[in-house]
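First chain A sits with chain B, and in the next complex the same chain sits with chain C.
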Partner chain A sequence: MVVIYWLISLCIIGFHLLLFLIMAPWLMVFIKKLDGWIQGISTESFRHSFYRIRIDLSESIRILLYKTLSLKDYIFLVSLGLLCTLALLIPFYTTDMIIKGNSDFLFIITILVMIPVFNFFIVYHDTSLLSFKKFQHMMIQILLFLPTLLLIAMVCRMNVKSTELNYIIVFFHNSTRFMNIASCPLLISACSLFFLVLDMPDLSDIIQKDGFSREDKGILLYINSLQFLLWLSLIAFLLWPQSIALFNFQQESLTSWLLAAFFGLLAWCIKIIIECAVIALMRNFLFISKGVYKIGFATVLNFLAIIIYFAGLSGI
Partner chain B sequence: MCSFVDVGLISSRKFILLKLPDYFPLYASLTGAFLTFLVLVFHIPTSLLFLSKLSIIYRVNFYLDGLTCFFLFIIFNISFLFLYYQKDLCKNKYFLVSYILSLSLILAGNLYFFTIVLALLFLMNYKNRQRNASLYWLILPCLLGFMSCIPVLMNNQQDLFYIVFSGKTSSLNLNYLIFFLVLPVCCLLGFFDFRGEEKNNLHAIFEDEKIYYTNIFKNLIGFYGLLRIFISFYNYNLSMIFIVLFEFIVVITALKASWFCLKVSNLFNRLRYLFILNNAISIQLIVILFLALYLQKTALLELNYIILFFSLFIQNHGFALVFLLNSLKEKINNSFFIDSLFFLGLLLSGFPPFAGFVLFWGNLQLGISLILNHYLFDMILALFFIGCNAVIYLFSLLGWVNLFLALYKNYNDRLTAIGSYFNFLLGYGKGIRIYLLSLFIFSVCPGIILYWTYGIKNNFPSIGKFHFFSFKSEQLHIAFTPVFSVFIFGMVVYVFFFIKKKYFIVSMDPQNNQFKISDRKKYKNYLDITRFEFGTKTILNVLKDNFSLDIHSYLFLRKKTEYLKIYKTIRLYKKKFNILIWEHEQATLFILILISLLSIGLLV
Partner chain C sequence: MIFAFFMSLLLLITIGGISHPSFQATCHTLLTGCCLMAGWNNALHVQITVLCIFMLLIITVISNLILRKQSFQRSLKSLFIGLLLVILAISLVIYILPPTLFRLEYGIVFSIILVEFFYSILSHTVGGQIVGMLCTLNALTLVIGLNSQIFAFVTLVILYSLFLISSIMIIQRLG
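Here is the complex of A and B:
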């Protein structure tokens, strides 16, 4: 029984990671399609984009495996490793046995913020002033998210009594009375994350202007898309944590767990698609998406979440 | 680069027993470290020890405890590190006197003795030229007040010479005692040592470098003074205003230090400000401890103590090595110096799984979990706390990035060779490498340190379960395991390393040599002065670009014309506004009532 338990958990982890790695480049293609659809601009066909992604990925993998490592590749490797750890830590459709008591919200946030800091050190290789300025700008723009992110952590701690992602799922599965009081502020704080992710620093500007090789371009874009998918999945988690199935294989039967997991996977896919649509709409129709308003809106929404929590408490 | 110091264990052969009188402090600190290690590991009851009996015979009150042993162990270790790598310190009287004074303060069993040694330490650090020399006129009265509180503390029942820390006494006068101790402790931790305009004053820098060995001793004594009095005379009646004031001082100094990290161009000063910043954050933990006792939340205490002692152990050891390396930088190999500083930066900055991150994480988690009472005042305090800490974390990260930029500016090729730093077959700098690796192991497995602090647990009000690999409290639903993340990251990266060819060759030929930031000239003091600024100006510029907001125009309204413009516009709209109110009288009344009701509702 224990062996089967371990095997299934390992299968879950492997599928988690594979799904994450395969879905990432397609997300960017999908968002570009949506943008083109809204603006009325013709975009590249799916077959063309498929071939492009295949070529880019093969070349970028060739760097990591067969070439001698330079500083740039070293940084790519470290950032890829960090992103893969995060992919294991954020539950998409089920909870694993590995992440039990290890996936802390603050930990995930800090690693997500650290990745542009790592990318900043590419400057040592590429010593043009323009790239220095661009990378610096990108790094500080993401580091400025920190106050709002910590506020979201505070909202989690107040509502669900912990910042562990695993515990949040358990809380929503078990509790009956406090569920609606807790879910509403979490939803608002998830909506506040949209404002941050909306105008996320895009690496494509840097890549076009500077003299990166084709392989570097491919891997940089891949890292960017992975990062974006992680942010989106964090929002998806906070939007509806009940949809994620609990992995209680020893207590419940296998078929019921499989059904729940399938439902979780479906829900995750739908949530990501809806988020992409929302972000595309916000990019095109929201004219206050730049500047202080972006972070200001996010903080105000988080304050609102706290106030709503207190209002809910008074209703009991 | 002319004379290399042999930074390895092999050079210990030179120390033969004949040189014992010359290098007595070195051997003494080694034996002291060993003895305290034995006490900490085997949990020897302190009543069996020699020093506690001395107090009965000679009437000189010494006192040994789990807490004293823990602090003594750190001090012996650090002093051994200093004396081993810089042998001139064995004859330096300034260093030795401060060393002995700090030891005697930690061993002191009498509060009078305690205060006298504190006063002596302040006198040692007093400089006539110092800008904040007037601060000492405030500290000495504080110490006098502290001394005058002692007889009141014991209610005049006993003889004053027999005040011992062992009895867990509780009294109402603890408030005053800690109030008088806060200012000296803040001074010892370096909270008032900010000097802005010394970019070009090289003379001041060299003056400081003689003293920085004692920086860590001072810091440890400050922490010991607070913890000693808090643990042995614990009481639940500290006043709220005092706690909030203390928090305010600490947060302001942390913000100031984090801003100065970006501003300062000298390497040593930047390291010093980062040290002050980390001290301030670990003092915040003590403030949270006070608050937790005030709000009667004993569940917080356990995790708070664990994170505090863990951070005390690793940060003091880490920063000791940082200061030592900074002193040795002209004598040792440059690449070795840079690589070891890089790893120390990983350990002490807020990079996730390691010790610096644990400090920030614990501080934030405990700060947030204070507000579960759902009172308005607690929530406002927690919001203030979180906002300030977010800014501190941001600036500290930028400060460490700044440090790495300054280090690797001229040594672009060094970063790739970092992978082979912990290869022990390399001969050079073996001792420091082992020291650093052990610090990394301790930071990943905190249970080793927590096992040593078992002796202190006798003094604690409450302590729960023992977790070897994680920071965990089951009542608060908080958990963080640094081993786990390191393990997964290692697995993922090792897959690539396993497949690829096993040599590093760097192929770096920058295509455009016209717009180079770094100069590859290797001049002597290249580390002291950073060439391009990545400090205050860039952040202001980025803010301006990002937020379309000119800070100077909004915050500093220096021109009178702007006031006049505002006044004119108000005068113009005044007439129109009056007419509008006159026309829609009922609507305005209704809106006013609605706004007031809404605002009251929000406040309530």
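Here is the complex of A and C:
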């Protein structure tokens, strides 16, 4: 029986990773389309996007597999590895047996912050001072996210008494009476994350300018899109943790888990589409949310989440 | 009481009008170390807390070496904004959080975060920005040191090393 559980777990991980790697470039195309629709600008067709993504990815894979690897290629590989690890740690539609217990929120945010710091090493050689400064600016921007992320960790800790994502799912599946007191601050924290990911796809503007070959551009854009999808998945997780299925065959049958996992997958897709729409709307209509102010907004929202949590406690 | 006074003093020195990033980085790292010692009893794994303190000591030395030639100006206006932010943060935390929670730790974390904000946003020099980033990482160290597992600590060590190497690169090219 244990072997079957492990096999199912491995299948979940494989599908999860595949979904993550395939979905990411399309997400960027979708968000660009949305931007175009809102602004009334014509964007490239889906057919053209498909060919572009295919050419970019095949060139990148060819370089990573068949070329003698330089330091830059190693950095790309490690970044991709870190992103795949993160994708496995954040439950998209179901929990599983293998990763259970390792999905610490603090661990996840440390790696998420580390990736731009790691990518900074790409621009040390062969690029202009402009690219160097832009990557440095990007690194500072992402490190400025940390205070807000720590506040979100605090909100999770106060609500659920743990920062482990799997524990949060278990908590929301089991608790009935105090669920609203816990879910409301978490929802506000999730909304605060929208302000942080608002400028995330800006990397494409930076690397279009100079210092990068066509293959480097392709793989950097791919890394950026993977990163963006991870942030969106983290928001989706905090928005509605109950939608994620629980991998627990002691209490429920395989059929009911399959149904729950399918529902979780559907909910994840819908959440991601809604998030993209919200981000596109915020980018085009909410001009005050640019720059440093957005971090201020996110911090204030998290303070609000803490206040609402205590207000809820006093109402019991 | 004496400990709290010492920490407040360090905090004031950190936001004070010192124009040497290396000294500010030292003060801030010492402050984080003090916070870790203050939350020692509530830590999830005491070994990680001890490791974090050791790591902070090493980082103090390295950051001093990196930032030794850097300096920046600080105006009276920015000093007062920083003081106001810290006082506001601590009073908010003490007002909102009930005494059963670890008020001191969270209060200090908030102050550290706000001091960091203050540095990163207001100082436009390379040294100031590096100190600002170091302050954010110190806040992360404090939270991981008190609340986290060993693998988060290992990732933090890697992040710190990457950050220090990138700081050396930034100072070589821009500083």
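Rule of thumb we're sticking to: the second predicted complex is superposed on the first by the 312 of 316 C-alpha atoms of A that agree within 3 Å, B and C clash if a C-alpha of one lies under 4 Å from a C-alpha of the other, contacts with A are read in each partner's own complex, and residues count from 1 in each chain.
Simple rule for what comes next: contacts are C-beta pairs under 8 Å (C-beta built on N, C-alpha and C of every residue); 3 or more make two chains touch, one makes a residue touch a chain.
Since we're looking at a predicted model, the values are computed, not measured.
J.: Following the superposition defined at the top, how do chain B and chain C come out on chain A, clash or fit?
T.: Aligned on chain A, chain C clashes with chain B.
J.: According to the contact criterion defined above, which of chain B and chain C contacts more residues of chain A?
T.: After superposition, B is the partner touching more of chain A.
J.: Which partner does A:111 reach: the first (chain B), the second (chain C), both, or neither?
T.: In the superposition, A:111 contacts both chain B and chain C.
J.: Between chain B (first) and chain C (second), which, if any, makes contact with A:88: first, second, both or neither?
T.: Only chain B; A:88 stays clear of chain C.
J.: With the two complexes superposed on chain A, say which partner A:121 touches: chain B (first), chain C (second), both, or neither.
T.: A:121 contacts both chain B and chain C.
J.: Is A:277 contacted by the first partner chain B, the second partner chain C, both or neither?
T.: A:277 sits against neither chain B nor chain C.
J.: Now for A:77: first (chain B), second (chain C), both, or neither, which partner does it touch?
T.: first
J.: Applying the document's definition of touch, where does A:136 land relative to chain B and chain C: first, second, both, or neither?
T.: Both partners.
J.: Now for A:147: first (chain B), second (chain C), both, or neither, which partner does it touch?
T.: So A:147 meets both chain B and chain C here.
J.: Quick check on my understanding: which residues of chain A belong to both its chain B contact set and its chain C contact set?
T.: Residues common to the chain A contacts of chain C and of chain B are 102, 104, 106-107, 110-111, 114, 117, 120-121, 124, 129, 132, 136, 139-140, 143-144, 146-147, 150, 153-154, 157-158, 163, 292, 306-307, 310, listed in rising order.
J.: Of all residues in chain C, which touch chain A in the complex?
T.: 92, 96-98, 101, 106, 109, 113-114, 116-117, 120-121, 129, 132-133, 136-137, 139-140, 143-144, 147-149, 151-152, 155-156, 158-159, 162-163, 165-166, 169-170, 173-174
J.: Please name which positions on chain A make contact with chain C in the complex.
T.: Residues 102, 104, 106-107, 110-111, 113-114, 117-118, 120-121, 124, 129, 132-133, 136, 139-140, 143-144, 146-147, 150, 153-154, 157-158, 163, 292, 295, 303, 306-307, 310 of chain A touch chain C in their complex.
J.: Touching residues of chain A toward chain B in the complex: what are they?
T.: So the residues of chain A touching chain B come out as 64-66, 68-71, 74, 77-78, 80-82, 84-85, 88, 98, 101-102, 104, 106-107, 110-111, 114, 117, 120-121, 123-130, 132, 136-137, 139-141, 143-144, 146-147, 150-151, 153-154, 157-158, 161-164, 167, 211, 290-292, 306-307, 310, 313.
J.: Using the touch definition from the top, list the residues of chain B that touch chain A in their complex.
T.: For chain B paired with chain A, touching residues are 350-352, 357, 361, 364-365, 368-369, 371-372, 374, 379, 382-383, 386-387, 389-391, 393-394, 397-398, 401, 404, 408, 412, 415-416, 470, 472, 476-481, 484-485, 488-489, 492-493, 496, 499-501, 503-508, 510-512, 515-518, 534, 538-539, 542, 545-549, 602.
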